[in-house]
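Both complexes below contain chain A, partnered by chain B and then by chain C.
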Partner chain A sequence: MSTTSAPPRPRRLLFGNRPTRSRLLRGLAKHSVMIVTLTLMLYPLLWMFGASLRPDNQVFNTLGLWTGDLTWDNYADGWAGGGQLNFSRFFFNSLTITVLSIVGNLIACALTAYAFARLEFRFKKPLFALVIGTLLLPYHVTLVPQYILFNQLDWVGTVLPLVVPKFMATDAFFIFLMVQFIRALPPSLDDAARLDGCGHWGIFWRVVIPLSVPALGTTALFTFINTWNDFLGPMLYLTEPDAWTVSQGLATFLDATGQSAYGSLFAMSTLSLVPVLAFFIAAQKLLVEGIATSGLK
Partner chain B sequence: MQARGRGPRRAGARRVVAGSLAVLCAAAVAACGQRLPDHSPEELGGQGEITGDIRLSWWGSGTRNERTNAVADIFEADHPGVRVSRETADFGNYFKRLNVQGAGRNMPCVTQLQARTLGDFTARDVLLPLDPMIESGAIDVSDIPDAVLDTGRGADGKLYMLPTGAAYDALLVNETLAREADAPLPEPGYDWDDYIDFLSQAADGLPEGIPATSLRGGLPNFFIAYVQGLGEEMFSGDALGFSEELLIGYWEMWEEIRARGLANSPTANAEEPPSPEASYVASGDVLSDNRPGNALTPIQGTLDGQGQGHRMTSLPLPSGPAGSGNVLIASGLSIPRNCDNVPTAAAFIDFWANDPRSGDTYASDNGAVTNTTLLRRQLDDPDLPDLKKRELALYQRIVADDPPNVVYPPGYLAVFESAFTRAYQDVAFGHQTVPEAVDTFFAEANAGLAR
Partner chain C sequence: MKKNDTGPDGGRTQVLPPPPPTPQGRPPAGPRRRSRRASSENRAAFAFLTPWLIGMLVFTLGPMLFSLYLAFTRYDLSGAPEWVGFANFERMFTTDPRYLDSVSVTLTYVAWSVPLLLAVSLGLAMLLNRGLRFLTGYRALFYLPSLIGGSVAVAALWRQIFGEEGIVNKALALVGIEHTSWIGDPDSALYTIVILQVWTFGSAMVIFLAGLRQVPQELYDAASVDGAGALRRFRSVTLPMLSPLIFFNLLLSVVNAFQAFTSAYVVSNGSGGPSDSTLFYTLYLYEQGFAQLNMGYAAAMAWVLVLGLALFTGCLFLSSRYWVHYGDER
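Take a look at the complex of A and B:
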């Protein structure tokens, strides 16, 4: 005896099984998801901004964004830093170190990457492996030897320990990034330039650099973010308040063993994000332009 | 084009690697060989001309930085040939930097230390003993009580840190909530049973969702009070001095507190920010907590911001059969061996510890001032805020009980505290039983402290 079973009844879909043809509905759905996601991502930032506008002893009163008492005092107090310290000085110091670090990384890493990508020389592979190997070395392992070295050079208390290494191609990640990028450039461009009389410097400067704008932009962007946010390096080497960076200035508002100034901390933290956001927006444009003009599409 | 021969290349590569390593080793050896100043006996006694540059380092934030700078400014004005360079950071980062500076023999001439971290530096022999400077009269300690002065001694009995501020942990209680819950505050000299009775009584009358205490079974300072109250030793040399049974009893007591719903959850406890202003007790979300005595002011400030009129008070920690459990956690000033201007550093420490202008300016910002004359001046100062006076008065009560001195071994903060907190979290989150966690903790702490 054979039994036949009834075909399973198709499940009723709650929202239908075909995308709607309405562009309006599709747009609404897409934008709703994006707005919700964006709100979730931005909420901590918005809360910080809201907290920066509350009186110091009301900062933690609410998880909401706004309360009745709004004040700009935290910005004035935080910027003045209690009289002895001043955030305009910290911003200037951070900017100086960041600009020098970007210049150093761009020059040194690009030159090193060109050498590894285009030149043939003895021990190239072991040297490249050595450079890449430094990526595996945590910063804390070299912290004390570096400090002793810079102390013997009498560099402690100056920006030199933070800036000079950048001119010596010590950021292996950026070297690797640029080596990979330059290797992808057609070698025939080098040959053409060589026929036109260019040496290595000419090829590097006239051919490789203009075509490497996206990699240079990425290097500059990440160097900016890393240097601007760096705390450990400046804390070790920039001990006197006159030389402090923004990240050090922010740390002075907090101490677990005493009284903290959260209102000022959030106010100055908000301001310290402005250069990072501005640079990101500028570098993002640079990246797009670089890709569009270098024929890499 | 270069010739492509694998054999010579490999040999060459080895040479490059070996050469690089040799250069690195030479640099490291040269760096480690940094010389220390050769101090004369007069300098070791703090005798000599008070002139030139010294560096001063301390931990803290806003107001403490301003006050420390003001004290240094007065000293500079008193000694026109002296310049005091200042270095500050928050507590955690301060010691990270100091460890690196110590390894590089570049510690500031006047370095602020805490009794809990002193062992890390005396074990490495980077500090000068201050006893010769006291004998020569360069540093006066006649107004500092002996029990307080002893907190600056190393394991060898020499004084390596002049205690200038004495902090203590206290039981901070929201008086308003306790009154509303009809729970009278524990009487002076209360013990752990009284403490639990207080929590139980309060829990019955507290609003829903407000526990009687933060879960503090993993807080080392609370445990130290428990051990001292029993008259046991915390440390025996570089090892734990108490028994496993004692810790099992302590953590089982906390598990009972938790099981009875008197404390907040382990999750809430683990998520709590460390700063006093952001703590649950400051937002009125728990009734009581163990916090440093000087947290009373910022916590009251945050409560004031809520506008509900809540008042905080501070009590000594519970006592035991052997007496008070409170210990002093002293902060003070030290002179490292790498200091090349010992007489000026000694003069600065003497100024800090004894000059009335220094005491008035600093106003016990980092623990109660240890100099009894300066303490009296502050208590008599009509401008000193009432909360600060209460903090200083409680310090006087604790000192009057002749608190025991704990000599913290090297690695106390890095090894003991982190292992203790982690082991209790394993219990509270149900990952281990109390005996298992105690075994783990003992093995980890003893191995780490012995290193």
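Take a look at the complex of A and C:
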């Protein structure tokens, strides 16, 4: 108690010598565990970045990170591609699908979540149970019939199968996340808005949405990451090389690559991770807090 | 928490005794007004729910029912599905050894990756928890792999790391151990993917960290006073207090592990090899449904997975009564 207000005195320090030293040692031990673990974990990524800067014949030469003749040639070569590989096109496609998915998820999930969190209606309980039920439903069970459906609709080969379901709030996880968030907003705000003449739409648009920015941000970020990384969906539905996403491009590149073009493969792999990392760095706090609170309910 | 939410019409309109000017210009009283308000709220709610309802019917429930029907048919996208009764299920469990292989591969994968992931994430969360500097920095860096672990880029990288000339073998060579490709060896290929899954422990760790912060320090102090050592404090305070989050993470990582696809597909080049050692359930389902167009068979496989997972999570929920403690004060 007294130590917090009074400046530390030398005598005190002498007295508290042993505990502080052991605490210091323990802190040091903890930091070294952290740093060793982190190095082991992140080394592959750093190595890949290093390898992407080495000429092809030196890619696998070394365990080191930045050794050999460093060059950006692999990036130029990989981007230029050849044959079916056209990474500027792939990045554009991935970006289009990702942006549409984010917009769809935000609109549809927010509308749904508002109804479940704020309104009373018939069959509310069983319908919400349905949301929770689909939360744990493995996607495989709809994989085949959805393909048949989209095939009948003649949507195979377009981005529609990947994007349209997002506008229909098929991602129960985000509904759940937003319901939890909106429930925690004080209901008195709704009442105030209602007295000012707002209907449900007004309350949703002017009160709930502006206050839900953290939940919306988390949803946008996770949708971004899931869609950007998705591989199975695009592989099923985007059959023409012109429509491929970055994931598909990389997988094809990997198949076609002998030992010769690993430099370019690593260069394009690194590039494909950059948007995710950039998003993460920009919104690290929001993301980590978001997942922590969604887990805690 | 829930008590505040319920009954908006019951609670909110009657809070203000002097009637405020309502849109209808009537005082909020009597059952008629309440029912009118309720019915308008009913209509508004379903307007908000329209996209979700359509999606639920068209993209989830409808397809589920259709796939249940398909599971009893033979269908290859051309013509009409042909009813075959239980033939698909019989084939799965009697004449299709690859199916049983895929089940055992997936179960092995889950049995290794889930406990490892939970142990690593809990252990590091405990280390990170109390008064360590640079906490946010560490947390962010540990979290990073779980963002990219499902990508093709990382799976492709994994194939190189554990390949013949990969950095794992390079590192082993430094201490004089020679080893062939870990990916090419049927005995080790699956475990490289287990490592990839465990590598993404960050999201579970973040959840544990948030939970640890809510464990009251008094509990630890009281336990210490009672003479509990570090291990005892962990067993009697930390584990019970964290049990809801352990349950949550267990559930999530089991469901995730059962659905792993990209890593297995890319690492094995789409084949599930070498000699089917990485033939995950999802991979085999994909192969049957979309490479060989045995869509009825694939649908049957999907339903067996759903039932299996439902059974598994059901048991998990039942068991949770005995080991998950929800504190009263929370």
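Brief remarks on what is shown
To be clear about the criterion, the second predicted complex is superposed on the first by the 229 of 297 C-alpha atoms of A that agree within 3 Å, B and C clash if a C-alpha of one lies under 4 Å from a C-alpha of the other, contacts with A are read in each partner's own complex, and residues count from 1 in each chain.
To be clear about the criterion, a residue touches a chain if its C-beta (ideal position, glycine included) is under 8 Å from a C-beta of that chain, and two chains touch if they have at least 3 such contacts.
Keep in mind it's a predicted model, so treat the numbers as computed, not measured.
Overlap between chain B and chain C is detected when the two structures are superposed via chain A. Once the two complexes are laid over each other on the shared chain, residue contacts for A:A251 go to chain B and to chain C alike. By the touch criterion defined above, A:L46 reaches neither chain B nor chain C. Within the superposed three-chain model, A:E240 lies in touch with chain B and out of touch with chain C [touch as defined at top]. In the superposed model, A:L25 lies in contact with neither chain B nor chain C.
Comparing chain B with chain C, the partner in contact with more residues of chain A is C.
Shared-chain residue A:F121: touches chain B and chain C both.
Of the two partner chains placed by the overlay, chain B and chain C both lie in contact with A:N151. Shared-chain residue A:A278: touches no atom of chain B or chain C.
When the shared chain is aligned, chain B comes close enough to touch A:Q58, but chain C does not.
In the superposed model, A:A261 lies in contact with chain B only, and not with chain C.
Note on the chain A alignment: of 73-81, 163-171, 181-189 or 415-423, the part of chain B that runs into chain C is 415-423. Residues 60, 120-122, 127, 130, 143-145, 147-149, 151, 231-232, 236, 248, 251, 254-255, 262 of chain A lie in contact with chain B in one complex and with chain C in the other. Contact residues on chain B toward chain A in their complex (touch as defined above): 1-2, 9, 12-13, 16-17, 20, 27-28, 30-32, 34, 55, 57, 59-66, 69, 85-93, 96-97, 100-101, 103-104, 106, 167, 274-278, 282-283, 292, 294, 297-298, 301-302, 304-306, 365-366.
Chain contact summary for the complex, chain A toward chain B: residues 55-61, 82-85, 120-123, 125-127, 130, 143-145, 147-149, 151-152, 156, 231-232, 235-236, 239-241, 248, 251-262, 264. The touching residues of chain C, counted against chain A in their complex, run 1, 4-5, 7-9, 12, 15, 20, 23, 38, 41-42, 44-46, 48-49, 51-52, 54-56, 58-60, 62-64, 66-67, 70, 77, 124, 127-128, 132-134, 136, 138-145, 147-148, 150-154, 156-161, 165-167, 170-171, 174, 199, 203, 206-207, 209-211, 214, 245, 248-249, 251, 255, 258-259, 261-262, 265-266, 269, 282, 285-286, 289-290, 295, 298-299, 301-303, 305-306, 309, 313.
Within the complex, the chain A residues that touch chain C are 27, 30-31, 33-34, 37-38, 41-45, 47-48, 60, 62-63, 107-108, 111-112, 114-115, 117-122, 124, 127, 130, 134, 136-149, 151, 165, 167-170, 175, 183, 187, 190-191, 195, 197, 199-201, 204, 225, 228-229, 231-232, 236, 246-248, 250-251, 254-255, 262, 265-266, 268-270, 272-273, 276-277, 280, 284-285, 287-288, 291-293, 295-296.
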